[in-house]
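Have a look at the structure below before the remarks.
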Amino acid sequence: MTDRNSSPLAPQAPLATSPFSSEGDDKFHDECGVFGIYKHPESAAHTVLGLHALQHRGQEAAGIVTFDKNQFHSHKSQGHVADNFNSQPIIESLPGDSAIGHVRYSTAGGGGMRNIQPLFADLASGGFAVAHNGNLTNAVTLRQLLVSKGSIFQSTSDSEVLIHLVATSTYQALQDRFIDALRRIEGAFAIVALSKKRLIGARDPLGVRPLVLGKLSDSSYIFASETCALDIIGAEYIRDVEPGEVITIDENGLHSLKPFPVQKPRPCIFEHVYFSRPDSLTDGTSVYKVRKHIGRELAKESKVKADLVVPVPDSGTPAAIGYAQEAGIPFELGIIRNHYVGRTFIEPSDQIRHLGVKLKHNANRGEIEGKIVVLVDDSIVRGTTSIKIVDMVRQAGAKEVHLRIASPPTTDPCYYGVDTPEKDKLLASRMSIEEMTKYIGADSLDFISIDGLYRAVCDADRNPDEPQYCDACFTGEYPTHLTDKNQHDAPEQISFLNESNSKSK
Amino acid sequence: MTDRNSSPLAPQAPLATSPFSSEGDDKFHDECGVFGIYKHPESAAHTVLGLHALQHRGQEAAGIVTFDKNQFHSHKSQGHVADNFNSQPIIESLPGDSAIGHVRYSTAGGGGMRNIQPLFADLASGGFAVAHNGNLTNAVTLRQLLVSKGSIFQSTSDSEVLIHLVATSTYQALQDRFIDALRRIEGAFAIVALSKKRLIGARDPLGVRPLVLGKLSDSSYIFASETCALDIIGAEYIRDVEPGEVITIDENGLHSLKPFPVQKPRPCIFEHVYFSRPDSLTDGTSVYKVRKHIGRELAKESKVKADLVVPVPDSGTPAAIGYAQEAGIPFELGIIRNHYVGRTFIEPSDQIRHLGVKLKHNANRGEIEGKIVVLVDDSIVRGTTSIKIVDMVRQAGAKEVHLRIASPPTTDPCYYGVDTPEKDKLLASRMSIEEMTKYIGADSLDFISIDGLYRAVCDADRNPDEPQYCDACFTGEYPTHLTDKNQHDAPEQISFLNESNSKSK
Amino acid sequence: MTDRNSSPLAPQAPLATSPFSSEGDDKFHDECGVFGIYKHPESAAHTVLGLHALQHRGQEAAGIVTFDKNQFHSHKSQGHVADNFNSQPIIESLPGDSAIGHVRYSTAGGGGMRNIQPLFADLASGGFAVAHNGNLTNAVTLRQLLVSKGSIFQSTSDSEVLIHLVATSTYQALQDRFIDALRRIEGAFAIVALSKKRLIGARDPLGVRPLVLGKLSDSSYIFASETCALDIIGAEYIRDVEPGEVITIDENGLHSLKPFPVQKPRPCIFEHVYFSRPDSLTDGTSVYKVRKHIGRELAKESKVKADLVVPVPDSGTPAAIGYAQEAGIPFELGIIRNHYVGRTFIEPSDQIRHLGVKLKHNANRGEIEGKIVVLVDDSIVRGTTSIKIVDMVRQAGAKEVHLRIASPPTTDPCYYGVDTPEKDKLLASRMSIEEMTKYIGADSLDFISIDGLYRAVCDADRNPDEPQYCDACFTGEYPTHLTDKNQHDAPEQISFLNESNSKSK
Amino acid sequence: MTDRNSSPLAPQAPLATSPFSSEGDDKFHDECGVFGIYKHPESAAHTVLGLHALQHRGQEAAGIVTFDKNQFHSHKSQGHVADNFNSQPIIESLPGDSAIGHVRYSTAGGGGMRNIQPLFADLASGGFAVAHNGNLTNAVTLRQLLVSKGSIFQSTSDSEVLIHLVATSTYQALQDRFIDALRRIEGAFAIVALSKKRLIGARDPLGVRPLVLGKLSDSSYIFASETCALDIIGAEYIRDVEPGEVITIDENGLHSLKPFPVQKPRPCIFEHVYFSRPDSLTDGTSVYKVRKHIGRELAKESKVKADLVVPVPDSGTPAAIGYAQEAGIPFELGIIRNHYVGRTFIEPSDQIRHLGVKLKHNANRGEIEGKIVVLVDDSIVRGTTSIKIVDMVRQAGAKEVHLRIASPPTTDPCYYGVDTPEKDKLLASRMSIEEMTKYIGADSLDFISIDGLYRAVCDADRNPDEPQYCDACFTGEYPTHLTDKNQHDAPEQISFLNESNSKSK
């Protein structure tokens, strides 16, 4: 899901503190995580835990909808799951044995409450709740059509299109309406939905965004964006929901449908590089292992004679371990991270603004002084953090600083549910590697090749005719139509409300 | 507007502290006040003041929508206007030179935020905001129809029906769609609406709920539920919006339409008894004068030989003054009111629960001891407060306590936007005056006659064939169809969401 | 109690919404109310109710200390009692069968928490809590002495001097230490104190500030600033604590001490004019009756040929009733008060600032138009509100506006626990009655004479040699030494901390 | 500083999320960090940053006092520095060019506000603020003495004794009073203090708690608990404040005093094991290097034939790297930490309580399955977390789990400002290593020897006659008198107040 137009009232984008990122504002951000559970007496509590495990996929807001055989219940909140869904009264306000939940990255602010998912509609057939990870590339076009026929939108989210398509579908059965709606949308989606009778999980035909199926204690099925959400509740990983598959779970068990024309899957390769948690399996393989493998490929492609390999914590760590093992150079924590970073730490004044990066990191001078250092990071977006990190390491006395990046240069924005800057803000779209090296101030800079990345992920080079993954951010080759982008190059016109709320005692 | 089903998560109905009522839980409550202003550079600030003056019509929540020629802006809040719309940043978040606002009585709670008006929709023709005072008696029926065609409702408010009727109307122009919608609804409404081009005020064909038109500094028109909202901003009262009239105001000035079949007006007579502020004009006449007149009629009908006339503060005061003047008995403040009553004061324990009434009132023993007292109150609903007040006056040493009520016995509930108990909770529906006298513990009890009330309000007896007012709460004669009531005697089935929100720092 | 120096961080003095005042910022304010109860199983709940009844004596903050035979417990809060002491958990956090409480007027702000009473000290003999109404006129002098000997002050309140005097007294028994401390202080005080063994009530030798004794259900004694706090809990009024009396209550019952040299009492006459609630007894006589009597004396002294008598609500009402009765002119509510005034209502902009007074009041045009009006108010301080009220009544069409004041001109500040402006801010200290009439814009203006006031209060003229009351605000004759004022005309130098607090989730 | 008796109203000790600990409730906790800066135009902002860098030493509350040549200013808050001192208004409320600050671990709760340091007193010589890390072992004894002489304590903190000793000292000059006070206290202290004229840093004669001196831009001196607080503001590390040294800094520069009888220093050895940040220098040596050295010594003493070395994140990581390097076994992130842990995450129900540990950690199954694993942790306190971690690793398929601990068995509590359980709650005080191995469920368990630890820290074995460090938690040999412990074995009797606060809008 994405916001079409963010509220001007919203505070400036808070720095999200991703535990696996080195600097909130210079990473791509996955925009959502989803979770669903069917037929478990503690469905809400398990959804809370599942969303907590998926928190890295969306730190701004979270929501849960449950169904208790009689009524739907919802709690939504801005902020972290662990801070907002951790009280017994909230768990008790979410009764029922099936539930879906959603965590969300995106601009926040008072008005943002209406954009928090799951979305809910009271259809003629009863309540229907939907949580969506991904982004629809024809949402604006569909929205205009729906509004012209009398649909009233409550949010600025692309995901709301889906629920209006279901509401206005001419099919009779809810399941048919849902599939009718899915066939009309274009883009990337991993969806969990809840009706009075069933839990549904659906993944777009290319499988761009991940979705896995799990099982807990025989009778209870689970959908989640990543396997780490199964681990936290002790559930068993069964398999990935397949690209283009719609799985419905009801009293009679699990049913798999394939309602779309068959296409070659192209899951997002960046999930392996950065988005997924290192302890998750993506496409059935260990993310941590893949990242170490990337580090090893990187060491093969771009070796340096150095004294130590230092990860940019925490996201660069697995690749740095792989690099160090392959290169036979000691792995050391040359940068120490301060985990106590408030979500909106304001640098106290102009004079000390340059200290900013030190709020989160400090160079471990004892290890670095006088040494040749290989710094390993997962990616470079704008380059702003890289400059500060390299400088900090140099100030701590490093003799040389060589920066190695565990992904190819990111040259193009993502339209599939990842928060990326405009193309011209991407450092690699504007500069050669030589220029970037100079800009960042490193002694040398290198990126893994696209083929090296593919080898680490799937043991094969990239197939240029039929790429095995969506790698548009590295190649600019988008695997779907981009209807809205092509039709709406003018600023999008949703005349929506600037909204805020308050509440006195 | 009314909620069809209140959230089970909502706290128990807080005691609303109406300044003109003696006890929050034993009065009829008007459910809303509306305000609109067109073409004034300080539209938001004036709407805040106007809603503040209308606060007695709805203390639970308030909302404002403005339009700045480009975009609509909204702020909504639970709680009082003076506590939630009093900061410069909030005023500044509501730019534009036209605005509408709404204050609301009703069950509160986290989930209630979505029921706060004005309602807003992003129609194909642009944004459209609506604020409604009254209640639609065919809302459930219309809602079912709309949902079956794909409309998705966001609130449990009857008023939302209106906006979906506008959105799905087959007419082209927004104004025609709005009138098309008004023709399909049944019940009581005083509505202000705001589009990109115009401010609209509309009143139902019977004129049950009030709506007045005012003017400020030549160019700026205003709609408001009562004239006190004109006074606070120094605006001039022009006239009442007529029953069945739709007034639109745009660049070209004011236009009056009468789109409904003509009917004899029947405005709510209880506005004169209790709802309206004493400093307002209702139907062009002073509410304070009418209430004193009621007191005088009451004295004529039901004189007592007494030492002093004591109002039940504050709503009984004007009638008590009239009674005292007519009867030639001294008017004294025999009951002193404590204005510092928290909105949710919990009586600290069972043992001292009987002290409850004293949180708000204390008998002025020095005046009352040994005296024959006429207590004057505006109405009796359940009788719970009357019992306590009479007892308190007696405990303070009154020789006799004679209770006189400035309205006829309230025997029937209201379906036109007034919060009333079920019929069997209304004391007068279950008891004769003799039984009530005994139940309440007064030495005598009397009510003004229905004809006496009419004489005070319009200088004429009630016309039984064509009553001049809606007096259904006294007579059970409802002036409109009650479609939902007749079709939906089973508990209404809107399978809506139990919703709550939170927000961590 | 008073603050010596208010925090520069504190927000500008919020407009306190006294229910008996017409405008928060143009009245004298009593600065505190006290309450104590001994040996009642619901001591905290009763103290909450008692403080609620005394809320008009201090709306800014409140505190309660209880003792449960083992430990002392405290809850303090900024804001109203009804909003902050109304939850069961707070009542339960205050166990024990004896309690004292305090409500406080004064500058608020984060740092103000430490100034909220009761003050508490862990003395060698055990815990000791004190609540004080009044003001010590030698507090600065004593504080300097105590600090030089090693006492560390935690607040800026004059009252803290008392507790350090107790702590450092050379007497052995706590009661002797307390009396030793009382003998060293100068000024006005009504004090309740609580130790492990006893509840103490003490009143200064002149009895400037009030304190009454009551009884509940045989065994339980109560101290309170006014009798209305007895009424709310159904307690019996026994008598006033006498000027110069110290009453201790313990297991063995009630003991009265008179530890001071005997002086003629001089209780504050302004308690009758404005401070006390109309339903209280002050010096054993009904405040409401006295105020009506003042109105009658005023009518005798300063009659007007008029159409109606209109009170400035609510504090002018009893005097207006008396005036109307004496003068034989109809009493009418010509000004209607809006009770929904937020505590910090900010006028939305400069352009509409002049509307300010209408936030609280609206003229009842129907009664006033074309009439000669006598407006009755209780006092004039700066005159700012009077100007607006007179103008509002005139704008509503009054033919003539005659303002009558139920107290003599206030020419001098109070040093005994009443918040008054500097002398040169008092209108009557700078202008003659003629000048004031013109300044305020009334057709005529008159005040009751000082002898007229005395006649209303005690049926006798003022005795110029030995005045029966403290009337310094009208006469400038202060009944005590003013040690600090004479020694500290330079700005007082307490180098105290500017303090603020916050708390993240 | 420590609380003598915690409030019964306080919530159960929240789980502090130390970024370097594996589980909040099973570690020793350093109880405070201090910071002071003299003569810098941005003293408050730098103190905020310094405290942020010291946050791991006290996560519950923080406070800052500044002096602006005229007045002292303070802000205190519960919660993290980054969440509570990050706004421009708060920085602006702390003007001045000198400042001291404090972060605090300890039980929180409403009443805790008064225990937040710096403490402040308005002495005869002017304001004086103190921040203390450590614990006084004769505080109760001194407190009783001071109270008996009339001192009134405001907190339950041992540190308040110090400020009353200063206030009541018979010396004249403030500096002499302060040294007089220091000579009377016993135990561990690293103190920064601020008066109108100087900044003072003081360290107890044994140097148990650390304190360093730094310099920023020529003129500005800094005290801090650790060098990481110098790094964050770009200050230069000069040297440690020496054990028994009192350094005063004023207009004339820096002055060193040694007012105590000389003793052999015995700094806390646990600072090296766990408390200090790995990027700090303690006693001039790199904490990270020492921890890796401990890991290497541990590998020498207790080698295992294993497939991989896995740290218990994050505190076990440096020792694990050292262990892996020495043992020649691959270092792998076999446990992944979830950083999004709310401060008060409540496990949603009994049924899923066993999932608790997974809120923070997940085993990285891909690395662990089928492998022999060496787990490295820094210490074992109660053993509760170790059981869960070992079980989690085993459930993830490890063939064998060998636990190695980078400190000797912790057998005794600390009385010098570290939060430790009672002796009988310490696992190692009750069990042999064999019993612990079985209890925890590891295949083997071993601790580094005390001599091994000394070798890693100071390249020499422990000198049993004159130990070079305070190692009481491993040996039970306390280097100071424990006056209170010996005199007050009965429960301590401070009859203090149970206090809470609230604030209505």
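Before moving on, here are some points about what is shown:
For reference, chains read A, B, C and D in written order, and residue numbers begin at 1 within each chain.
Keep in mind that, in the parts below, contacts are C-beta pairs under 8 Å (C-beta built on N, C-alpha and C of every residue); 3 or more make two chains touch, one makes a residue touch a chain.
Composition by chain, UniProt nomenclature: A, B, C, D = Amidophosphoribosyltransferase.
Everything quoted here is computed from the prediction, not taken from an experiment.
Of all the chains, the one whose CA centre sits at the greatest distance from that of subunit C is A.
Note that among the pairs B-C, C-D or A-D, C-D reproduces the A-B interface, with over half of its contact pairs the same by residue number. The distance from the centre of subunit B to the centre of subunit D, each centre being the mean of the chain's C-alpha atoms, comes to 61 Å. Taking each chain's centre as the average of its CA atoms, subunit A and subunit D sit 37 Å apart. Residue numbers of subunit B whose C-beta contacts span two or more other chains: 80, 83, 343, 504-505. Of all residues in subunit B, only 17, 19, 42, 44-46, 48-49, 52-53, 55-56, 59, 80-83, 86-88, 91, 228, 231-234, 277-279, 281, 285-286, 288-289, 317-318, 321, 325, 330-333, 336-346, 348-349, 351-352, 355, 358-359, 362-367, 504-505 touch subunit C in the complex they form. Contact residues of subunit C toward subunit D in the complex are 9, 65, 71-80, 83-84, 90, 93, 113, 120-124, 126-127, 147-154, 163-164, 167-169, 343, 494-505.
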